[in-house]
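Each of the two complexes below includes chain A, the first together with chain B, the second together with chain C.
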Partner chain A sequence: MEAAQILPILSVAIATSTPLIFACLGETITERAGVINLSAEGTVMLAAMTGFAVAKTTENWGDISLLLGFASAAIVGVLIALVVAFGALTLKQSQEAIGFVLALLCADLSSFLGSNFVRIPGPTVPSFPIPWLKDIPLLGALFFQSDLLVYTSYLLIFLTAVYFYRTRAGLMLRAIGEQPAAAFARGTNVILMRYFYTLLGGALMGIAGAAFALDFKAGWSHRHTAGYGWIALAIVIFGGWNPLRVALSCYLFGILQSLASVAQSTIPDVPTQVFTVAPFVLMILLLVLTSSDRLAILLKRLPPIVSRITTQTIQSIPPAALGKVFEQD
Partner chain B sequence: MKIELLNISKRFGSVQANDDVSLTVQAGSIHGLLGENGAGKSTLVKVLSGFISRDAGAVLLDGFPIEIKTPADAIRAGVGMLHQDPLDFPPLSVLNNFMVGKLGGIFINPRSASRDFKRLATEFNFQLDVNELVSNLTVGERQQLEILRLLSLGVKTLILDEPTTGISASQKVALFDAMKHLAAQGKSVIFVSHKLEDVEALCDEVTVMRQGKAAGHLPIPCPDEKLIALMFGRELALPLKPNTCRTTPALELRDVTIATDRLTLRLGNLTVCQGEVIGLAGLEGSGQQLLLLLCAGLLPASTGSLTINGEDMTLKPYKEFLQAGIGYSPADRLKDGLIRGLSIHEHVALRHVSRGWFVDWQETLQRTLQAIALFNIRGKPQTLVERLSGGNQQRTQLALLPVPLNLLLMEHPTRGLDIESVLWVWQQLIARCESGTAILFMSSDLDEIMQYSDRVLVFSGGEVSELIDVADLTVERLGQTIGGRFSSQLSAVHP
Partner chain C sequence: MTKSFFYQISSFAIALIILTGMILLSGASPLAIIASMWGGAFGTLDQVARVVSTLAPLLLCASGLLFTFTAGLYNLGIEGQISFGAIVAMIPIRLFQDVLPPALVIVLAIGLGGVGGALWGLLAGALNVYGRVNEIFAGLGLNFVADGLALYLIFGPWKKEGVASMSGTETFHESLWLPTLANTDISPISLLLGIAAVVITLVVLRGTHFGLQLRAVGQNLRASYVLGIPSTRQLLSAFAICGSFAGLAGSLQVLAVYHRLIPSVSSNLGFLALLVAMLIGLNALLILPVAFFFSALNVGSLQLPLELNLESSLAGVIQGMLVLFALLGRGLSETLPPQAIRRQIAIWFDKKQTAKG
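This part shows the complex of A and B:
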């Protein structure tokens, strides 16, 4: 394969990773606060349906229909997250059980409610190459010849990372997910903050759904985004709950998908399902590999500095209080 | 800052944790709060620090009544509390821990925080690396970090809840120096403890609590008997350690080394007789636990052989160690010893394997009731183990050890227990020695080692001493030996 061929593959991969960026960063924020929102699969799907339905219904209103689509998708995400938060934080029930049931329920609900919108053309986010930046050699083609949604995802990655590691509130967010009791001792309303970050994460997951239906996988069909919610949960683990690593993992997944579709056209003998499934399987293999004990043992043999940095880069330790109930007296 | 707690009451369910308790702490003084486990000390200080809301009573700071509803209120009022289990964030760095919860602008300022931290650390002579992860610190260092953090928030009253549990002797010295330094600055310190000697070494005044009430206020110094009488409402006698050693060896190690990725421990030869008590002294993590795990059959030796009552047990599976009469009682009772979520009754049922497929609950209930009566456990058969107090958990753990045993291995047999429970535990252990059980126990309490051991092994910096007869030792010498002046001290003992 020549360089001229690789460039378009990469740029497509980066752009098509955008919905996952929103979903994964949303889940990262939620999980860092100690809540696991397992409903991602259902949230993304129901939000995709809602976003498409709203944008389609208001299509005649002009550009605002797209905004309404995204806003309604975000609201769906917030509402589902609210169910998770209320069940987990107020009723103190199992976060996993609530999230899992919601994932199944909302996925089915999207098929039921969206039956009138299946396979019809609808509005999509218009392309918007950024003047000047689009002409930079290599980088311009890679990053700046997409649309506003893609650029927003860059901004989101940057802002999330800055928020996590440079702001007081971000430090407290990380603290809440590790030791809520200690965070409470330092004057934070842990339950309130967890509500906030769960809803915020839900909104981002909702936007991810709309990003599929109104941009990268435009339209709606039965189980339109199947699998992406689950892979988002896996990517958060793979990314070690660090926004930058999570974003890189999303792009890695996007590249795997692009390569799979290229391979599909170059090797037509192999059944297409193999290539559709391959990126998911590869991600899971990578996850198993990086979190295995054997790797840790191998790393220990390296010189101390190399081993420490590598361990920090690839090891993935969940927030200590993830998924646990916190009783605030 | 002068603190007045007036007529504080607090009830949890059916338990009256605090019953009309009043307490005055003068500015610039160190005030001890002494009492056995469950006397209501922690409840009282948690009311003051905003972790628990009181049912009745008032809090006055410098004479003015104040409403403290949350820990944040307490900090604003200048009251900070150091908890028994460090309330910090192990995966974060020392500096990040220092900054969490500090007020200020939107962005954190690591550079100025680091400056503040280093200035305070120097003032109190604490050696902490700002970039180290808290998960790599000892309990004592985590306390130091927490103290510095509270002080940086402008705390004028510092509450310490059982701070001397689980820290080394030198860290205790550093802690006490820091407290005295604070008192000299005019700050007040409330020191919660069940250890007489700590209260006597540090405090200016003491309030003794018993069963949720303030039993009395005394100036320090004051005779032990008087404090003990106030704590328990009667006098307690130390159990005498009779000589129970026999001549038959219970445990023999030959040329044993244990290697883990942290530490290589050369134990060499070691013979322990039946009925003998061996104290394992040393800083936490110097290898005492490795020796216990080795004898329990939970850790293989890298080289050498292990014989128990004449039977070669080297590299045998754990099951055979159990059959050989080895009992192991871990320090972390709820993690390694007992099973969270199971009742005392269920623990007994697990311990005594019934024949066939079904559990004979009637029979095990009888056993459970016997154990509860015999071991004086304050709980019912259906009480979940995590609901028991620390002392009663330890009693349950002891009740579950089989009888008879050839070798009993104990990590911190009395950590976190009040004096009455400590004496009771040791009475049980001594009774076991009289029936020929050899005991190996590790403890960070040097007095306990001196009081109950026949011979002592000192662990320091990956080295292990010969067995030292306790008659050749004093607490001071033992402390110095642990602290590192190893070979010189030992050669002084055994020239």
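This part shows the complex of A and C:
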């Protein structure tokens, strides 16, 4: 394939990945704090519906309608996350059960409440090429000729990574997911912090919903974002709970998706289902490889540098306290 | 008992109040909705028959899930187990429909469907037990793999003569359809299988050594292992049993409902069964009434778009709300006993008094 063919594939990939970047980084933040928000599928869908409905209703107000759409989607995400956090952290019930019920409930809620907004044109995020940068050959066309939402996602990746690994607060965030008892002994209010990060993650997942309905899959229809929430959960695992790797995995998924549409015409022998199923198979394989000791045994035979780099790139170990109840007295 | 009963009733009431509020806000009348759904579920004999025919796979799946829940596992892979069961059930139908007598093909299809589901369940189980992969993510991933496989077959090797389409594979011969009661959708065989599953679940979980061990594993995996219970085998059997029940449900979807393989053949029945199982806790006696209620909601809601111009997804909203509040209510009863609430109110009341005085 030539560069001229690859470029459109990659730009479609970035467009497909952007909402997932928000959803996956949100889930990453929540899970690193030790809480699984399994409601992603429902959260993204209900937030997409709400974001579209609000932006559509306020369409005459001008550009502010888009902002209102994103804000309301984020609020929906926060509210759903609040239910997860309350059930999991205050009532100490199974996070998986509550998240799962919410995933189904909110998906159905989005169909029930959004029936008046099905398949009508609505406002979309305008494109916004960045002056000068957009003229860089290749890179400009790829990264700097989209809209503010895409640029925000770049910024979000960078900020999340810096926050996780270069700030004290980020250290505490990782601590409450790994060693909540130790973090508590050092004076951190583990439950409060977990509430905060669950809500923050929920807000980002809500924004992901709006990113679908107001930008990359503009509009609303029955189960408009079906599947993306589950995919987001898989990508977080595939990315090993590390924001940079999670973001890369999102782009990898985007490339797979845009390849799928190209492959249909160029290599018809490969069934397209391969591309949609691949992320899940890869996730499971990676989990099998890294959660059992087999990989470690295998890597020990390699030279130390190689084994260290491989471990860092593909290791996928969940936060130690993920999904566990923490008794704080 | 009374305490948890109190919380269960109140959580039920709160769910209903929120639902009513939501319906009123959306401009509809709750009474009209109840009337319409009741009519949709029990209005005609056909509709009652549809409720009963949706009930059968739901009973199978909810019974299976009781095994995995008892073992402390969240088998979210049940959707894939249904789909894979349906796929495997198609194999004898495609191979032998013109060779063997129909009755034998049907038996083979049902049996193999169960085996297929069990294998898919065991795959999730093996990933969980030997690969140390969380069963939730293994299951969810395998759901997509099974759906992808079904799509591949429908659009590839098993495609319809002429053009492949989302409507599924070619409908197979009527002699292979499960017999139904006098022109209705009720298939006595499906229903019998469903009820048998509930009875087996009741007996095995309550009355056998295996059930006791499974409960021990579910309550405390480490302790049961130390006590010498073969926990690996217990966990794997739970996956296999649940998978085989789900696979049976899948084969029934093919034989009794669709008469072909369609994409997403599981029709969310597995997830609905998960809601049933979560609502009833581990009480197998409640499977039948709750599954019947959920099935009636699903069938009754189909009337909503016709009569009231409302989305039929309201059924899912009602089911979800009930389960969510049941979970929250259970949590409240564990963390916040009524005495504590009374004490809180008393303290608050005292403060008001002193502030006044």
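Going forward, the second predicted complex is superposed on the first by the 295 of 329 C-alpha atoms of A that agree within 3 Å, B and C clash if a C-alpha of one lies under 4 Å from a C-alpha of the other, contacts with A are read in each partner's own complex, and residues count from 1 in each chain.
One rule holds for everything that comes next: a contact is a pair of C-beta atoms (placed from the backbone, for glycine too) under 8 Å apart; a residue touches a chain by one contact, two chains touch by 3 or more.
Bear in mind that the values here come from a model prediction, so they are computed numbers and not experimental data.
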item: Which of chain B and chain C A:109 touches, first, second, both or neither; value: second
item: Partner chain in contact with A:284 - chain B first, chain C second, else both or neither; value: second
item: Partner chain(s) touched by A:230 [first = chain B, second = chain C, both, neither]; value: second
item: Greater residue coverage of chain A in the superposed arrangement, chain B or chain C; value: C
item: First (chain B), second (chain C), both or neither touched by A:208; value: neither
item: Which superposed partner A:73 touches (first chain B, second chain C, both, neither); value: neither
item: Which superposed partner A:169 touches (first chain B, second chain C, both, neither); value: first
item: Common interface residues of chain A - those touching chain B in one complex and chain C in the other; value: none
item: Touching residues on chain A, where the partner in the complex is chain B; value: 166-169, 171-172, 174-175, 178-179, 181-188, 300, 317, 320, 329
item: Of all residues in chain C, those that touch chain A in their complex; value: 26, 74, 76, 127, 130-134, 136-138, 140-142, 144-145, 148-149, 151-152, 155-156, 271, 274-275, 278, 310-311, 313-317, 319-321, 323-324, 327-328, 330-332, 334-335
item: Complex interface listing, chain A residues touching chain C; value: 38, 83, 86-87, 90-94, 96-98, 100-102, 104-109, 111-113, 115, 227, 230, 233-234, 237, 271, 273-274, 276-277, 280-281, 283-284, 287-288, 291-292, 318
item: In the complex, chain B residues that touch chain A; value: 51-53, 70-72, 75, 81, 83, 87-92, 96, 99-108, 261
